[in-house]
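Structures for review follow.
Two complexes, one shared chain (chain A), two partners (chain B, chain C).
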Partner chain A sequence: MKSAHGNSNVTELLARAQALHHDLRFENVRAWKERNGGLAVGYLPVYVPRELLWAMNVLPVGVVGGGDQVEIIRGDAYYQSYICHLPRSTIELGLNGALDVLDGVLFPATCDVIRNLSGMWMMQFPDKYVHYLDVPQDFDTGVGGAFYRHELLEIAGALEARGARPLTDAALRAAIAAYDANRREIEALYELRRREPWKVPTHELYLVLKAGLVLPVDEHTMMLEDYRRLVIRDDARRPLDQARMLITGSFCEQPPIGLIKTLERAGCYIVDDDLVAVHRWIRGDVASLAPGQPPLDALVEAFLRNGVPSAIRYIDQDKKGRDLVERVRASGAEGVVFCAASFCDPALLDQPMLVGALDAAGIPWTSFKYAENTGQFQVIREQAGTFADSIKLWSGA
Partner chain B sequence: MSMANPTTSKRPPAEARKDESQERQKRMIGEHFHELARAPQTGRKCAYTFVPGNLTELLRSFDVLPVLPEINALQSGMRGKSRDYIALAEKLGHSEDVCTYVKCDVGMLRSGNVGPTGERLPNPDLLLLSYTGCFTFLKWFEILAQEYDCPVVMLHVPYQGDGKITDAMRKYVVDQLRSKVIPAFEKITGRAYDEDLLKEHLARSARAEDDLVWVLESAKHKPSPIDAYFGGVYYIGPIFSAFRGTEAAIGYYKELRAEVEERLREGRGPVIPDGELEHEKYRVVVEGPPNWTSFREFWKMFTDEGAVVVASTYTKVGGVYDFGFRHDPSRPLETLAEYCMGCYTNLNFPSRVDMLSRYVREYSADGFLINSVKSCNSFSAGQLMILREVEKRTGRPGGFVESDLVDPRYFSASNIKNRLESYFQMIAQRRGSDAGPTAGPTAGMTAGGAR
Partner chain C sequence: MTAPDVLITAGIDVGSSSIKTVVFQDRGPSGHRMLAGLAERLRRRDPLDVATETFEKALSAAGIARGDVDYIATTGEGENVPFRTGHFYGMTTHARGGLFLDPAVRAVVDIGALHTRAVLMDDRAKVLGYRMTSQCASGSGQFLENICRYLGVTIDEIGPLSLEADAPESCSSICAVLAETDVINMVSRGVSIPNILRGIHDSMAGRYVKLATAAGANGVVLVTGGLSRDAGLLAAMRDANRDLDIRTHEHAVLAGAIGAALWGGYRARRLREKGLSLTGGAA
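And now, the complex of A and B:
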C-alpha cells in the first residue's frame, strides 16, 4: 500500500534519497524555487538555524562538498595538499555552476577553513549573498546570546533586502514547529537504530539524512516517517552478530557512503554517530525554550543551552569527553571509531582529549581518517574488522 | 605565532648585529623569563595566553605575568628542540595533520616545561583563551586545561567576516571582558580592577606603537634600512609579547627608531645574518609566518639574492598598527576589543588581499611571496587565491613556497631555494624587458611549493 506520503517501499524511498544525493546540480532546489518563488540559501557545515530561513520562505540548502562524485578540476588550484577536501570540492561546485541556483551561502564559524572560504566566496561570487555566521563561544544569554541574536537579525535583514519574506513571529513559530517535528522524527529513527540496528542500517539512514539537506523540512519529515514505518515492518531485516559502534569526528566533511558500508560489512553496527550533524545539533524541542518570549529568543536559547558538545564548541575542562562517554553508554556501544576527515583541525585536535576520556572509562576505540572522495577501503575494512572481532571476543569472554 | 628571542636561538641571526636595541631586547626577555621562573617563590601570578588578541595591559594592571605558548614553540623551533617535542606529542596521540605549535608545546610541557632561557616555566594561575583569528587556539587551551589545575577564561573575539567592526561585535567583546575576564583576574589576584591603571598602560602602548609604525614604514625608503619580515620579527618582539604598555617597551622602540633613523641618514641597508645588505636588488612583500627551524637559512636565501622584505603580514598578527589603530586610553575596554578584532588573522579575505596589494604599491615592491605553512589553516587556507588576486590587482608577480613553522620535516631547503632563485630571476628578466619593476599582469609562480 502506498502511504499518504508517496513511498510504498524502502527501495523506492531510498532510490529517491539516492537521487537527491547524486543530484549535484540541485534540480530539486530549482524546482522548489520555481514553485514557491522563494530564495534558496546554502549553508556549510556544521550548524545554521535553518528555522530562520524557512520562516522567510527561504529554502536552506546544506552544502557539504562534492563527496566522491565531483572531479576536481579547478579546486586544487585553490587549496594546498594539506587542507581537507571539502573546501576544494565546494569551490569546484561553485565554479562549475552547480551552485548557481543558490541566492547566497552562509558560512558558519566551524573552523578556519570554512571561515576563510567565506571571504573567498565573496571575492569569487560578488553578486551572491555571503555571510560568515559567527556563532558565540560564550553561552550566557546576555553576552553570547545577545551577540548571536544580533547576527540572526542581520541575516534576516539581508535576506529581506534580497526579496525574502519579512521575518514575523508567527512564521518563525511555525518554522520552529516544523523543525522540531523533524528533529523528533530523526531522534525516533536513532532510537530505533539503537534498539534494533539491523532495522536501520546506517548506509540507509545516512542517505535519508542527506536528503534533509536539500528537501523542504516538511517533505523530509514525511520521508523520515515513511522510512521508519517501512523498516519497522520489514521482517526480512534480521539481527546479525555485529559489534555495536559509535562513530565520531565526521561532523563536517562527510565520509563516502562506501566507507559506511565498509564498516557495516566489517562487522559493525553503528549505533550512534555525528553524520550530517546539522540535524542533531540542537537536542530536543526548540519551541518550549523561551516560554512567553518571542520565538527568536527560543532559537537563541536552543543554540546556547541545547547545542551538542562538539569539537567546534568551547567545552569547560571538567566536561570534556563526558558527553561522548555518556553517548557510548546510552547507545549501548561497545566501542568507538574515530572517523575524521584528513587534515580536519577541530576533529583531530579534539581526538586525544576524547581518547583520554574513553580510556579512563575503559571504552575501547580505534581511529582512521578519510577524505570525502576516498575510494579504497581495504585498510579500513581490515582495521574495523579486527576491532569488531576483538570486541565480540571480549564481550563473549 | 610570533617573534624570536635573539638570546637563545642556536645560531642567532642577531649575533651579527651591533644594534644596542637588540641587546636591550635580549635583556628584557631574559628578565621576563627569569621573573617567570621565580614566580613560584615570589608569588606573582601568571596567565598563559596567545599573541593575537593578547590583553597585556590588562594583565599588567593586575600585575599578572604573561606566558605565550606560541613564543615558546617558535623558540623551541629555533633551538632545535621542536623535532623531539613534536615526535613526543605525536607519540601521545596527537595527529600529524594539526598545527605543530600545539604539538611542540605539548611536547615541551611533557618534557619539563623548560623555557627558552633554560629555566622552568611556572604553571599557569589562569589560562586566558583569547580566541582571536584562529580556531586552533580554542583546542590548544582545552588540551592545556587538562594538564593544569587552574581556571580557564574564554574571550571569544568575533571575526571581521564583513570586513568591519560593528557595534554589536565591540559590545560582545567588552561584555565578555567585563563579565568574565576581569572577574577572573580579580579572583586569581585578589585585586580589584583598576581602570585608571589600565589607562596608564594603554597610553604607554600607544607611544610605543607610534615608534614601531615609524620603523616599519621606514622600509618605504630606497634602499630600505630594515628587513620587515626576518628583521621584523625581532622588531615586533616586545610589543607583541609581554611588554606592550610598559616603559621598557617605550625605551626599546625609541632606541630602535633612533638606530633606524641613523641607518636611513647614512643610506645603509638592513642588518642581515652576515652583517649588512649592501645592494638592495629586489624589494618584496611577504605573506605568511616564517619557518623557525631554518630561520637563518631561509633568510639567507633572500639576502644571497639581494632581496629585502619591505613589508609583511606576519608582523601584523599581534596587531595592525600601520593603518592608524592605536590603543586609546580614553576608551579602555573598547580599545582592547578593537585591538583584538583588528589582528591580521582576524581580517577577512578581501581585507587581506587589500592589505597585501596596498603594501606592494606603497612599498614599491617588485613582487610578493607567500610562505604557506602547513600548520596554519588560519593563514594558509585560500592563500593560492590571495596569490592570484594580488597579482591581478598589482600587476606584480607572486611567488609561492611551502614550509612549516616548527616541524623541520616540512622545510625542504633545496626546493625552496630553487623556487626563490627562479622567482628572483623572473623579476630580473622582467625588469630587463620592462625597464623597471612595473611589470604587467602575470601568471607568476602560482604552482605549489616544496611538497
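And now, the complex of A and C:
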C-alpha cells in the first residue's frame, strides 16, 4: 500500500534518498529552480537559518563536500595537507562546475578553514553571491542578538537585490512553521531510534537526513514521515544484541556511509549522533520563542538560546561536557565514539574536555578519525567491534 | 525443550577459508558441554550459504531444534549472517574458546588463513592486549596452502613431513612473494621437501612467537585456528621460544566458534536478567 506521500516501501524511499546523496550535479535543485523560478543558495556546515532563505522563495542547499565520489585534482592546490578534506572537495566541485546551479553560497563561522573558503569563493566566482555569516559569541539579546539580526537582514537585503522575494513577516512565519514541523519529525525519528534502534539503522537515517540538504523542506518532512511510518510496520527489522553508542564529532565534514555501516556491523547501535547537524542544531520549536514579536526575533532567539552546545559555540566547556553526558543518559547509550574528521580543529580541540566529562561520569569511550573519502575501514571495524564487545561483556550492559 | 536454567547456544566462526560451527549446552556456573562441532571448507561457495548449511548440520548432530537455540553468536567475518543474535570479535572469542579448551592458558595465537593474532588475557578471558600481523600473506595459512601446491603435497601432509627434516633450509621471513621464490630455488637445487617445509615453518614460527611475546605472553600459550593442526609448525614454534609453553587442543580449530557460543550464553543470561529476549535470531 502506498503511503500518503507516494512511497510504497522503504527500499524505494531509500533509493530516492541515495540518488540525491550521489547527485553531485544537484539536478534536483536545477529542477526546483525551473519549476519555481526562485534562487538556490548553498550553505556550508554547520548551521545557517534556512527559514530566512525559504521565506524568500530561496532554496537552501546544503553543501558538504564531495564525499567519496570526487577525485581531487585542483582542490589540493588551495589547501595545505594538514587541512581537512571538506574544503578541498568543495572547491573542486565549484571549479568543475557542479555548483553552477547555486546563485550564491553562505559560509557560516564554523572555523578558519570555512572562513577562508568564503574568501576563495569570492575570488573564484565573482558573479555569485557570497556571504561569510559571522555569528555572535555573545548570547545577550541586546548585544549578540542585535548583531545577528543585522547579519540576517543584510543577507535578506542582498538576496532581494538578486531577485529573491522580499522578506515579509507572514512568509517568515510560514517558513519557521515548516522548519519546526521538519525538526519535530526528525526528533520523532531520533526518538524511535532511541527506543528501537533496529527499526532505524543509522546508515538509512543518514541518507534520509542528507536528502534534507537538497529537498524543499515540506518535501523532506513528507519523506521523514513516510520513512518513520514504513519502518515502524516493518516486522522484518528485528533486534540484535548490540551495544548502544552515541557518536559525536561528525557535525561538519560528513563520514562516508561505509563508515556508518562498519560501526553498525561491528556490533553498535547508534542511538544518538551529530550527523548532518544543521537539522538538529536548534533544539525545539522556533515559533514559540518570541510570542507576539516579529518572527525574525524568534529566529534570533533560537540561535541565542536554543543552539546546541556544540564545538562551534564559544561557551563554558563544562556546559558542553554536561550536555554530552546528559545526551548519553537520555539516549540510553552505553558508550561514546568520538568520530571526528581528521584535522577538524573544532571537534578535536573540544575532545579532551569532553573526555574528561565522560571519565568523570564513568562512561566508556573510544575515538578515531576519518576523512569524507576514507575507503578502508578495517582498523575502525576492529576498534569499534572490540569496544562493543568490551561494553557487552565487561560493563553493566 | 530444555530446562529454564539450561541454555542452548550456537557459535559460528566465519573464516576466510572455512566456517566452524558449534552447539553448546550452557548450564551457567554448573558448566558447559559441547554438543556438536564441525568445520566446513568454503571451496569458493557463498559464505552465508555455507554458514546456514553448517549451522543446520550442527543442530542436527546435536539433536537440537532451531527454535530451542537461545543465542546464535557469530565471530570472524560473520557480521552479515542474517540469523545471528549477536556478534563478537575474533580476539574476544578466541580468548574465551582458548580458556575453555585449556584453563591454564593466558595467551592465544590464532593462526588463520589470512591473519594471525596473538591475544593476551586474564583468567576470565578478558582481553588484556593483542598484536596482529599486517596484511602480508606470509603470516597466513593461505601462504602455506600455496606452498603445498608448489610442492605437490596436501595440507594434512605438511606437518608430518616437516617433522622428518634433518637440515632445514632457511627461508625469507618477510615476504610471501620472496618466500615463494625461495621455495622454487630450493626445489631446483634438490632440497628435500621435509627440509623445505621445516624451513618455512621456522620462518613462520619465528614471526608467531615474536607476535606472542610482543603482546605480553609468557607461560602457557594455546595455538588456535586452522594451522593449530599443523604438528610441524607447532614443533617449530616450540623450538623458536622454549620459555613459552606452547600447546594446542584437538578442538583448537573451533576455538573461535566455541568462544562465541560461550559468550552468547553469557549474554543470553544477562539479557534475561534485564527482562529482554532476542528471539529473532533463533526463529
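Quick note on the criterion: the second predicted complex is superposed on the first by the 391 of 397 C-alpha atoms of A that agree within 3 Å, B and C clash if a C-alpha of one lies under 4 Å from a C-alpha of the other, contacts with A are read in each partner's own complex, and residues count from 1 in each chain.
The criterion applied here is as follows: a contact is a pair of C-beta atoms (placed from the backbone, for glycine too) under 8 Å apart; a residue touches a chain by one contact, two chains touch by 3 or more.
Being a predicted model, the structure only gives us computed values, none of them experimental.
When both complexes are superposed on chain A, chain B and chain C fit side by side without a clash.
Judged by the touch definition given at the top, the superposed model places A:Arg238 against chain C, while chain B stays out of reach.
Look at A:Gln254: by the touch rule set out above, it reaches neither chain B nor chain C.
When the two complexes are superposed, the chain touching more residues of chain A, out of chain B and chain C, is B.
In the superposed model, chain B and chain C sit 100 degrees apart as seen from the Cα centre of chain A, a figure rounded to the nearest 10. Using the contact criterion defined above for the overlaid structures, shared-chain residue A:Gln317 touches chain B, although it does not reach chain C.
Taking the two complexes aligned on chain A, the least Cα distance separating chain B from chain C is 19 Å.
Residue overlap on chain A between its contacts with chain B in one complex and with chain C in the other: absent.
Against chain A, in their complex, chain C makes its touches with residues 71, 79-80, 84-89, 91-92, 126-127, 263, 266-267, 270-271, 278, 280-281, 283. Partner chain C is touched in their complex by these residues of chain A: 238-242, 265-267, 382, 385-386, 388-389, 392-394, 397.
By the touch rule above, chain A contacts chain B in their complex via residues 77-83, 87, 107, 109, 111-113, 115-120, 122-124, 131-132, 134, 136-138, 140, 142-144, 146-147, 150-151, 311-312, 314-317, 320, 342-346, 348-353, 355-356, 369. Within the complex formed with chain A, the chain B residues making contact are 92-95, 97-99, 102, 129, 131, 134-136, 138-140, 142-143, 145-146, 152, 154, 156, 158-159, 161-162, 168-169, 171-172, 175-176, 179-180, 348-353, 372, 374, 377-378, 380-385, 389, 402, 446, 448, 451.
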